[in-house]
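Once you scroll down, you'll see the structures, which are given as structure tokens.
The following pair of complexes shares a single chain, subunit A, combined with subunit B in the former and subunit C in the latter.
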Partner chain A sequence: MYNTGLTWRRCLVYLVLVVLAVVFMVPLAVVVLNSMRTVADISQTSMIGWPREWAPGNFAVAWSHYCIAQTCEGIRPYMWNSMAITLPATILSTLLGAVAGYAISLWRFRGDTWIFGLVTLGVFLPEQMKLIPWVLVLRDLGLINTLTGLVVIHVVQGMSFTTLFCRNYYVAIPLDLIKAARIDGAGFFRTFGRIVLPLSPPILIVTVIWQFTGIWNEFLYGVTFVTGTQQPVTAALISLSATVAEVPQYGVQSAAVLVAAAPTLLIYLFGGRWFVRGLTAGAVK
Partner chain B sequence: MAALNVRGVTKRFGTLDVLKGVDLEIDSGEFTVLVGPSGCGKSTLLNIIAGLETPSSGTVEIGGRVVNAVAPKDRDIAMVFQSYALYPSMTVRQNITFGMECRRVPKREREEALGRVARLLQIEPLLNRRPSQLSGGQRQRVAMGRALVRDPLLFLFDEPLSNLDAKLRVEMRMEIKQLHQRIRSTIVYVTHDQIEAMTMASRIAVINQGELQQFAEPDTIYNRPANLFVARFMGAPPMNTVAARLRTADGTLYAVLGEDRPDAVRLALPNPPATASEGDEVVLGIRPECIAEEQRRFGDDPRGSVTVEAPIEMIEPTGAETVVVLRLGGEQVFGRLSPDVKPTIGELSRFTLDTRKLCLFEPKNGMLIQ
Partner chain C sequence: MTGLPGYVALRRVPELVVIWGPLLLSAGHVVVFTLWTTWISFTPSTLLPEYGWVGLRNYQAILATQNWKIAFNNLLIYGSGFVLLSMALGMLLAVLLDQRIRGENVLRTIFLYPLAVSFVVTGTVWSWLLNPGLGVEKLVHDMGWSGFRFDWVVDRDMAIWTVVLAGAWQASGFAMALFLAGLRSIEPDLIKAAQIDGAGPWRMYLRVLLPTLWPIMIAVVAILLQFAIKTFDLVRALTGGGPGISTMLPSLVVYDFMFQRGQLGRGSAAAVLMLLTLLAVLAPYGVWKRWQRRQAARV
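After this line comes the complex of A and B, so read on.
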């Protein structure tokens, strides 16, 4: 018989799950609570605690008044920097990856597996290994300390992932479709646009989420290649905590962290359902 | 005029010879079926004709023009795929007109062609559906519609019926045949199903291991197979092929099965091939339907029917007939009896053989002795 009642076994399972959930939630809870506390509150008691009085004003300060480096405009300009890097880099790398994956999977040509191997090698190269090569490339392109430079880096590096994702999705498309299109007289791009792209939303959503969160959260290149007001928000957050103040502004800093994390959280909330679906969907039928 | 002329076409993938020099000349209006076991190269040949693959050597001519260097879209062909290859994101209407759209055919002409084909195939109510909303048979029709709308010089069919269930396959088989009789187009049709080949073709090309075995009318393929492969591939159950020796007695040539055995069978050959002579070792080919119950008579000439005695080893009643496995001169052969006869396994029984259609093959190379 299938037992649906609360047995001690079941209680144990729930107990373990609840304990784990609490452990995982503690850092988030601390940040959320601190974002609502005043400086005095935190410094007089401890980092961990319930707000004695609510201070939602922290968010406004973090957004537009707080001083980072020499300017006092909060994290707002840096959020825009991040957006200006992430949006074009996500869209470009996804589209290029889709075309590359389509070419590799459905238009077999001599050496295609080698090219695919080389492209996906990028997935396994650690970021710090590529720092110096990128310095040289950006210098020669004259793109050091520009947002465009970061966009270029993220498009090129992201293509390894997006090509891999799209290629693995497209190999499930029957080759007969491509043959039929060739006989119908459709060329490379018409076949892509009219036949392959309409089958792609599940995998495009996956790559967009992947790229967006990856690029938004990227830190190393952000602090290395741009300085001052050009920095993305991840780099700005560090400058913010490094700002020498009389008392550490934990409340404002917590609020800034939450604001900076909001876009990726929102993407997951709205796209997460599709994300799982796209990762598991293989067959195009 | 030859609609299609294939000359010395070979195809090599690495070290593997998929096609070893195939020649085919197909007349306008013919329904040619390429048949052979899987992996024999028939689909590769079709793809080469379509221009989806390039031959390693040899030429392909369509409508008198060498098309080796011509792109598939410019070869004046249309193709129906085994998987139908309908574009999943397009409606039936878009699927059928996509080729014309790529060719920038004016919209009014497209609509006319679409209407004509939709009426012909009776798919008018389906035009706004997507392939996923269609049944297997409907998809098959749409795939044919996409080919028919082109009105090409040459239709290529790549196992178009093998994804359908048995009943639908028989229906569609009839329909394709009727369609061909109506529009009189030139068709090259690939299948591994020898019944499809027999029922539909005006000529059959049997292919094995990259080589053309025989290219002839269905009747010739069935009754005068060029070699043992064709004999054993066509027909279900296939032609019985047993070792025999030729002997002469009273001026008549006999084929003797199991000469050294007590149960040896002697079959007089009513029309022996000119090159056959006393003492030759041969392989005797006899179709299962040429082995029947004792009362059966084949033709008016009594010499065409020979009665023998043989033990029955197995019985397969199919309803329309009863297939029996028996031993002739020690060799296992299939026979087809009338369903009224109720044979018993293990018993000796008498059978009448049709010797008019016996085939003799060279044991060394398997070729038919003419």
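After this line comes the complex of A and C, so read on.
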């Protein structure tokens, strides 16, 4: 069935693929081009078009001067918020998930399948079911409207994903390896450090990429638990496009959108292989 | 492997804390928070939680609102449209990419990149493209075709379909990746046998290859459906639920009642209804999955 000659059928296959690829690229291309166009240019023609004159200043304005809600500091503070939430939450949830996955799959204890079942249910539970309890818990902890509060939420919730990923990877490690280490007198942590961790880089990379992407892109928690200049960049983007100016600043807004999407896009471009691996591993199991 | 012994030696305390602490926190918050919100849904809570008992009153009130009716109806349209379109596009892409294509990696990267971007970003960009005075319609007008109309996003009856479009644009790469992985894992013997029987490429896919993919298809349907039920950011950024309330979804109704109207009891009732919808999708999937595993164990 694989005919590699150049027949009309193969031409058609390539044609359809290229047309679809162009359609898929349109939104990205539009944002990239508009981030370098002037307001006059966009409002005279449309969002879709080649820049007639270049407006390289859009990025500087979007980064540090543009007014979002009442503050005119651009998206810079929100980008830092997102970083300050995403980095610690990604690292912590991955580490805890790795240890938990290891305990569940290789160390076994009474009730482990039950606990694992409950943890993975967290993957499916809608965020809406957790909003009010989180508000009350964060208030009691004094963490409402703080970035630390969002880190706590993302670590606790993220553990569902990271434990699932790591556990599914670790079950393939032969139990004899662990038994041998135990007979040699290695305890829980030493077995983890000596045997499991050296085997873990593939799954840890997948998990880190997925956690980073998921937390960076999260919106509902960011808009519910923190306000104003404490919000992550996804929440800022919504207020930014809702900001009513005399003349809508589509060029600057495109630049802001591009900057906000850049971290996860870059990770995807350079770690695409791992991204897809996580996709198929997480989805099928 | 034996379980932990009944006694706890002092030197094992740190490992127990490290294993059990985070695990109990993670598993516990799922259980406790679910029960907590369910409880609030039976109370007269408004701006603050109050722990009285009103029975099913919040549920009756929510189910009677126009918002919920429209939202649920929209979920049916969006859920089926989004799943069908994503699956169809994903399957088309997977079959085409399976033809020993030059540049497969580049094409795959292009079809999958929307998944790495947040819904807020995609929703915002699609709202620009679909805006009649700004996007595609304006472009076609400027090219001289002034009768062209593409104003779904401001049309009450059609606006939900823009959510379908943007959602499918984001998710068909996901379906493609899973279908492609499925196609690549089919036994070469099966393909050879079909070739010897003289099956052409069309019949090969329809009769031989696609039928082996159905377990993956069911998994993709389940994942996409739960994805559709949870959709929130995309609508927030694309239409904001409008025009009017014509693109409301259950997730937006929950947020609206909880944090904009300050009716925690009713908002929680809506959240529980959302969870029940999700269970209606996932429970059959779980049962099927278990049945399939048992079949596999028997063979």
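Keep in mind that, in the parts below, the second predicted complex is superposed on the first by the 269 of 285 C-alpha atoms of A that agree within 3 Å, B and C clash if a C-alpha of one lies under 4 Å from a C-alpha of the other, contacts with A are read in each partner's own complex, and residues count from 1 in each chain.
We take it that a contact is a pair of C-beta atoms (placed from the backbone, for glycine too) under 8 Å apart; a residue touches a chain by one contact, two chains touch by 3 or more.
Everything numeric in this text was worked out from a predicted model, so none of it was measured.
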Mind checking the superposed model to see whether subunit B and subunit C fit together on subunit A or clash?
fit
Report for A:P198: first if it touches subunit B alone, second if subunit C alone, otherwise both or neither.
first
Touch check for A:A186: first (subunit B), second (subunit C), both, or neither?
first
Does the superposition put A:R76 against subunit B (first), subunit C (second), both, or neither?
neither
Let me test your reading of the model: by the given contact rule, A:L265 touches which partner, first (subunit B), second (subunit C), both or neither?
second
Please work out whether A:P174 is in contact with subunit B alone, subunit C alone, both, or neither, and reply first, second, both or neither.
first
Count the residues of subunit A touched by subunit B and by subunit C, then name the partner with the higher count.
C
Identify the partner contact of A:T234: answer first if only subunit B is touched, second if only subunit C is, both if each is, neither if none is.
second
Once both structures are overlaid on their shared chain, how near does any Cα of subunit B get to a Cα of subunit C? Whole angstrom is fine.
5
Common ground on subunit A, meaning residues reached by subunit C in one complex and by subunit B in the other:
179, 284
For the complex, which residues does subunit A have touching subunit C?
1-4, 9-10, 13-14, 16-17, 20-21, 24-28, 30-31, 42, 45-49, 96, 99-100, 103-104, 106-110, 115, 118-119, 121-122, 124-134, 136, 156-157, 159-160, 163, 175, 178-179, 187-189, 213, 216-220, 224, 234, 237-238, 241, 250, 253, 257, 260-261, 264-265, 267-269, 272, 275-276, 279-280, 283-284
Residue numbers on subunit B that touch subunit A, as the complex places them
47, 50, 52, 71-73, 77-79, 81-85, 87-90, 98-99, 102-103, 132, 146
Note which residues of subunit C are touching subunit A in the complex, please.
1, 3-4, 12, 14-15, 18-19, 22-34, 36-37, 40, 49, 89, 92-93, 96-97, 99-101, 107-122, 124-129, 131, 134-136, 138-139, 142, 169, 173-174, 177-178, 181, 191, 195, 199-201, 204, 216, 219-220, 223, 226, 229-230, 232-233, 236-237, 251, 254-255, 258-259, 264, 267-268, 270-272, 274-275, 278, 282
Show me the residue ranges of subunit A that touch subunit B in the complex, using the header's touch definition.
174, 176-177, 179-186, 190, 194-195, 198-199, 284-285
